[in-house]
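Order of writing sets the labels: A, B, C and D. Residues in every chain begin at 1.
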Amino acid sequence: MSLHVENLKVYYQTLSGDVRALDGATFDIADGEIMGLAGESGCGKTTLAHSLIRLTPPLKFIGGRVELDGEELPIADMEKMDDFRFRKISIVPQYAMNALNPTRKIGKMTAELLASKGAKMKDVEPELRRRLDLVGLTQDVLDMYPIELSGGMKQRMVMVLSTLLDPSLLMADEITSALDVSTQKAVAEMLVEFRDRQFVKSMIIITHDISILYQVADTIMIMYAGQLAEKASKETIIESPRHPYTKMLISSLPQVGVQVNDTRLKGIPGTPPQLLEPPKGCRFRARCPLAFDKCLEVPPFVEVDPGHMVACWKEPGKNA
Amino acid sequence: MRRYFGRKVLIYLLTFFIAVTIDWLIPRFMPGDPVLSMLGRVGTAHPDTVNAMREYFTRVFGLDVPFWQQYLNFWASLLRGDLGVSVYRFPQSVVDVIMNAVPYDIALLVPSILLSWIAGNKFGAYAARRKWLDNTVLPLGYTLTATPYMWLAILLAWGLGIKLDLFPIAGAYAFDMAPHWSWRFISSVLHHWFLPFASLFLVNLGGWAIGMRNVIIYELEADYSHYLEALGAPQKLVRKYAYRNALLPQITGLALQLGVIVAGALVTEVVFSYPGIGFQLLAAIQNQDYFLIQGCFLFIISGVLLANFIIDIAYVIVDPRTRRGMTGETA
Amino acid sequence: MLKLQGISKTYKVGTFGGKELHAVCDVDLEVGTGEVVSLIGESGSGKTTIGKMVLKLISITSGSAFFKDIDITTIEGRELKEYYRNVQGVFQDPFSSYNPIFKADRVFAMVKEEFYPDMKPEAWAEKVDQCLKDVGLNPPDVLGKFPHQLSGGQLQRFLIARALLLETEFLVADEIISMLDASRRIDVLNLLADLKKKGLSILFITHDLSLAYYISDQAVILYRGSIVEMGSTERVYFNPQHPYTKMLMATVPRLDQEWEDIEIAIREKQLPIGQGCVYFGRCPFATDQCSLERPQLEQIESNHQVACFSCKRGS
Amino acid sequence: MEKNKKKRNEFLYFAFRNHKLRIGLLIVVFFLVMAIIGPSFTENDPLSFIHRGAPLKPFQSEDFLFGTTVFGQDVYSQFVHGLRATFVVGAIGGGLATLIGVIVGFVGGYMGGKTDEGLNMGTNIVLVIPTLAVLLIISAYLEVRGILLESIFIGCTAWPWTARAVRAQTFSLRAREFVDLAKMTGMKSLKIIFKEIAPNMMSYLLLVFILQFGGATLNAATLDFIGLGPTEGISLGLMMNHAVAHSALLLDIWWWFIPPGFAITAIVGALYVTNVGLDEVFNPKLREM
C-alpha cells in the first residue's frame, strides 16, 4: 500500500479566522497508481498536495494520519519531514518554470542539493544523464544557467530533478496548465513514462483540466469545497459518475463535436460556499438538485463498487 | 555584450560632459561681474597677488571673448591639466593642492565603504533569520542611517577623542611630524585615521544592513527557495543561495550610494579637519577660491563616475543573468 | 462587418531596437454580421496582438483594417471614440480589468461620462438594469460592490453588459473564460451564443479548441503570426489539412477517446521565421520548397482554405 | 457594503496594531509639536547674547532650561527655532523632490518609447552626480541664502530616487488591463494617468514623500553644518556648526552640540521606521516577517 491518508484536516489561517480548506480526507493510493486530483479552484486540492510535503504557515495541521509505504509521515513536523522530502515524497511545483536558482549553473546546484541531502553527485550522475536524454535535454544543460533554457526545458529539468532519488510518491501540481496543447501532451505522457520506468512508485496529478486526466491517469478523485466527492477509475468517473456534482461538472465541459445550436450544455447554478463558516453537512447541498434533509449530515466517503468511492446519501453504499 | 558596454561608456561620458558644463556655468550665471566681485572679495592687499590674479582672471574670464570661446578655453585648459592657481594657497596650483589631498581621501573612503558594505550585508542577512534579531538590527540600522554623518563624527570625537582621550581628533598625523616612511609616522597616521573611518563606517553600515534585510526577505520568498524547501534542503543551503542572489542588487546599490557617501566623507573630514578633498573644498569655499572649488568638484565627480563604471562592470561579470542573458540565445 | 487586409505587427527588441520581432505577418481576416469567428493559436502565435490591433490599443505596422467599409487603420480622436461605440473588447483576467480601488460599476459611470453625458440619471439607471438582466445578472446583487467582492464570472459578464450599454455591434473576446472555473465557463459561452443570435459579431480568441468548436461558425488556425488554415468550423476540425492543424486535433485531450500515439516534435528552440513556411521547423512533411517560399492560403473546398504546399499535392 | 467597510477598518486595525508605525509617528509628532509651540515658551532671540559669564549647564537656571552657549545664547531657543527650520526644509524640499520625481516617473512610465528612454537617461545622470557637491557650489556663489532657496535647491537635486521608483510602478500599472479598458472608453492619456493610475499609487506616493522628507532634512543639516545654509536665522545644522567652530568639544559644552544632532537623528530615524510600518500595513506579505 503506497499512500494511506486518514481523516486529514488542514485549515488555512487568515486574519478573519481559519478557512477549513481541507476537512477530513480519507483515501488510498496503490503502488504504481497514477491518481488524478481534480476540482474547481478553492476545492482544497492544492492544500492537500502542499500539506503532504511542506505544511508551513499559513497552513495549519488540525488532525489526521498519513502513511507512506507503511511508515507514518510526520507532516506536521517541518524538520522531521526533511528526511522524507525528495527521498520518499517529491513534487513538481506549479511554478516549475522558475524553480531553478537563476544565478547558479544547473549541474552545480544539483550537486549541492544532493550533497545537502547526504547523497553524492558521483553515484547519481550516470542515471541523471540517462534521464536527461529520455526527456530530450542535451548533456550540456548541466553547465548552463536557467536563463538559457526555454520554459518547457526548465520544466522538464525540474521533473528530472524532483524524481532523481526515485521517490515513492510524486505530486505534479498543475504542471500542464501553462503549456500549449502540443507540449501538454508530451509532458503528460512523460509523467506516465516516469511511472512505467519505476522512477516513481505512485503519483498524484493535480489539475482542473479533467480531459488531461482522462488521457493519463488511472483513477480520478473529484473534490468539492474541501471535501472528497468521488473517487473511481477514469472510465467510471467520465461515463458513469454517481456523485451529483461530478455528473453536473462532466456534463458542463464543452467537447469537440458538441455545438451550442444543437446541444446547449448547462452549467451548475449557484456558487461554491466560502469555507470560513462552511455550511453544515454535505457542502454541495445548496446547489444539489437531489438534496434532501439527510444531507444536513456529512455523507461518509464509502465504497459503492470495488474501487469506486462516493460521498453522497443518495448513493447507498454497501454498509449504508 | 560590446554594445552593452558601449552604451554604458556613452552614458558616463555624457554625464561627465554635463558635470563639467555645470562646473563651468556656475560662476558665469551668478549675478554681477565675476572678475570685479572676486577681486573685491579676495581683498588681499599684497600687490603681486592682486596683479597676478587680475591678469589671470581677465585671461580666463576674458569678457571680450565670445561665450563659447570661453567654454573652449575652459576645456582646453582642463585637458592640459591646468586648473588654474589656488587663491588662498597662492603659489600652489589647484592640481597640486588636490593631488596631496587625494591619498587621504582614498585611505578614508575605500576601506570604510568596502568594510561597511561587507559588514552591513552580513548583519542584514542575520536580521532576516530570526524575529528578535530583526527587531534589534532593524531599529539600530535605521538610527545609524538616519544619523547625520557629522553628528556621529562629533560624538566619536567628543566621546573617544576628548573624554577618553584614546584617539587624536584633528589632522592626519601628529603636528610635530613631517611625512616620511617610518613606523612612528605610520602608526600616527593610523591613529588619526581611525575616528573618521569609524564614523563613516558606522553610518554606511546601517544603510547596507537595511537594504540587505529587505532584499533577502524577497529572495527567501522566491520560487526557487520554496522549491528547495519542498525538496527538504537544509535552511543553510536555502539561505546561502538567497544571500548570494541578494548581494547582486546591493552591488548596484553601492554604485548609487557613492554620491551620498562622498558627501558624508566631506563633512566627516571637516569635523576631524582631516586633509582630504572635502576639507580643501570647504576651505576653498570659505576663502572664495573659485578655481580650487571647481577643481575639487571635478575630482569628486570624476572619482564617483569612475567608481560607478567599475561597479557596473563588476556587476555584469558577477551576475550570470545579465552576462548570459545577452549572449546566450533565450527561446 | 470587419475586414483585415495584410495586417502585420513588428516589435523592436534588443537594447537599441536592433532586432525586429514579427509578431503578426500579413493576416487577412473577415468577420460578417452576427457571425462568430474564433482565432485559435498557441501562446506566441500573435492572436492577442491581432485582437489588440483591432481594438486600436496597439498600432498597426502595415496592412489595413476596415470596419463597415471605413478605413480604421489610422483613425484617432473623435473618429476613434465613435469607433469604440461600435467595437468593444473583453480581456482574459477579470480582476485586472478593474481598477481595484473603485467600485466595479464605475466602468458604467465611465461609459456614461464619455458617451451619454446628457442622458438623465433615471433613464441611464434603467438602461443599466436592462443590460445587466440581458447578461443574466441580478442588478441589486452586483451594483455598488468592489471587484474583489464579485466572482470572475460576474466580472466578465459585467464587461459584456458594458459593451451592450454602448449598443456595440462587434466584440473582441480575448480568452475571456480561461480564468473561470469549468462550470462557470458554459454560462458565459451560452450568453455569447444568445448575443450572436441578436446580431452581435464576435472575434473569439482562444487556445482551447473545444471551446472554439462549441461556439464559432468559422475557425482560423494561427501559428507564429500567420494563418495556416481557416474555414467553417466543422470542415477545419473534421477534415484538417495543414500538418499543424492535424497535430492540434490529435493532441487536444477529449473525454471520449484517448490520444493516438503520434509522435510530436517537442518545440525546442524557436527558429527565426525565414521567408519560408512558418511551420517549417516542426513540419514532418517539410520539403525544401517549404523553406524558400511562404505558401499562400488556397481554397481546397468551399469555405475551407489552407496555406501549405504539401497539402495541395494531396500528401 | 459591510465587506467594503471591513476592508477600510481592516486597514486602520492594522495601522494601529503596527508598532513600528506607532513609535515612528509618536516621535515625529513629538518634535513637530515642540517645533510649533516650543518658541512661544521663550522670548529670547536664538542668536542674541543674553547671559554673561560662563556657559550655564542645562537646568542650572530656570530661564535657560537647555543651558547657554559659549557666547551666552539660549540653547533652548536655538533648538526649537532650529527644529522649525528643519521641518520647513523637510516639507518643502521633500515635497518638491517628490513632485518632480512623480511627474518625471509618471510621464516616462506611461508614455514609454523615446520619451521614457530620454527621461530615464536624465534621471540616471542626475542620480550619479553627487548632489551635495552641486549644492555646495551653488550655495557658495550665492551671497544671500534664504531657507526657501535652500529647500528648492535640495528639492531639485533629490528627485531621481522618486522618479525611478514611480516609473517602475507606472510600468506595472500601465500593463494592467483596466488601463486598456479606459482607453477603449475614449479617455485621453492625461485623464487616464490622473484618474486611473494616480489613485492607485497614493499609498506609494506617501511612502516616497516620507523618505524624501527625511533625505531633505539630512541634506539641509549637512549644508548648514558646512556653513552654506541660510544666511539668517538658525537651524540645527548651524547650531552644530557654531559648536564645532567654537571648540565646544574641548570646552565640554556637550549640551550645545548633542541635542541638535539627536533631534535630526530621531526625526529622520522615526520617519524611516514609519515608512516601514506603513509599507507593512499596505502590503500584507511583509506582515508575517
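Convention: a residue touches a chain if its C-beta (ideal position, glycine included) is under 8 Å from a C-beta of that chain, and two chains touch if they have at least 3 such contacts.
Since this is a predicted model, take the numbers as computed values, not measurements.
> From the centre of chain C, which other chain's Cα mean sits the farthest off?
Between chain C and every other chain, the largest centroid distance is to B.
> Of all the chains shown, whose C-alpha centre falls nearest the centre of every protein C-alpha atom combined?
Checking distances from each chain centre to the full centroid gives D.
> If you average the Cα atoms of chain A and of chain D to get two centres, how far apart are those centres in Å?
Spacing between the chain centres: roughly 52 Å.
> Starting from the mean Cα coordinates of chain B and chain C, work out the distance between those two points in Å.
Centres of chain B and chain C (C-alpha means) sit 56 Å apart.
> What is the distance in Å between the mean C-alpha positions of chain B and chain D?
Each chain reduced to its C-alpha mean, chain B and chain D end up 22 Å apart.
> Check each residue of chain B and list the ones that touch at least two other chains.
Answer for chain B, listing residues that touch two or more other chains: 329, 331.
> Indicate the residues of chain A shared as contacts by at least two other chains.
150, 153
> Taking the touch rule as given, give the residues of chain A at its contact with chain C in the complex, in rising order.
My answer: residues 40-41, 136, 150, 152-153, 180-186, 189, 208-212, 214-215, 238, 248-250, 252-261, 264-268, 271.
> Residue numbers of chain B touching chain A in their complex, please.
Those in contact with chain A are residues 222-224, 226-234, 236-237, 241, 244-245, 248, 319-321, 324-325, 328-331.
> Name, in rising order, each residue of chain C that touches chain A in their complex.
42-43, 151, 181-187, 189-190, 193, 207, 209-211, 213-215, 233, 237, 247-249, 251-256, 258-259, 264, 266-269
> Considering the complex alone, what residue numbers of chain D touch chain C?
Against chain C, the touching part of chain D is residues 1, 3-4, 7, 176-178, 180-187, 196, 199-200.
> Mind pulling up the chain D residues that touch chain B in the complex?
Residues 121, 124-125, 127-134, 136-138, 140-142, 214, 218, 221-222, 225-228, 237, 240, 243-244, 249-250, 252, 254, 257-258, 260-262, 264-269, 271-273, 276, 285-286, 289.
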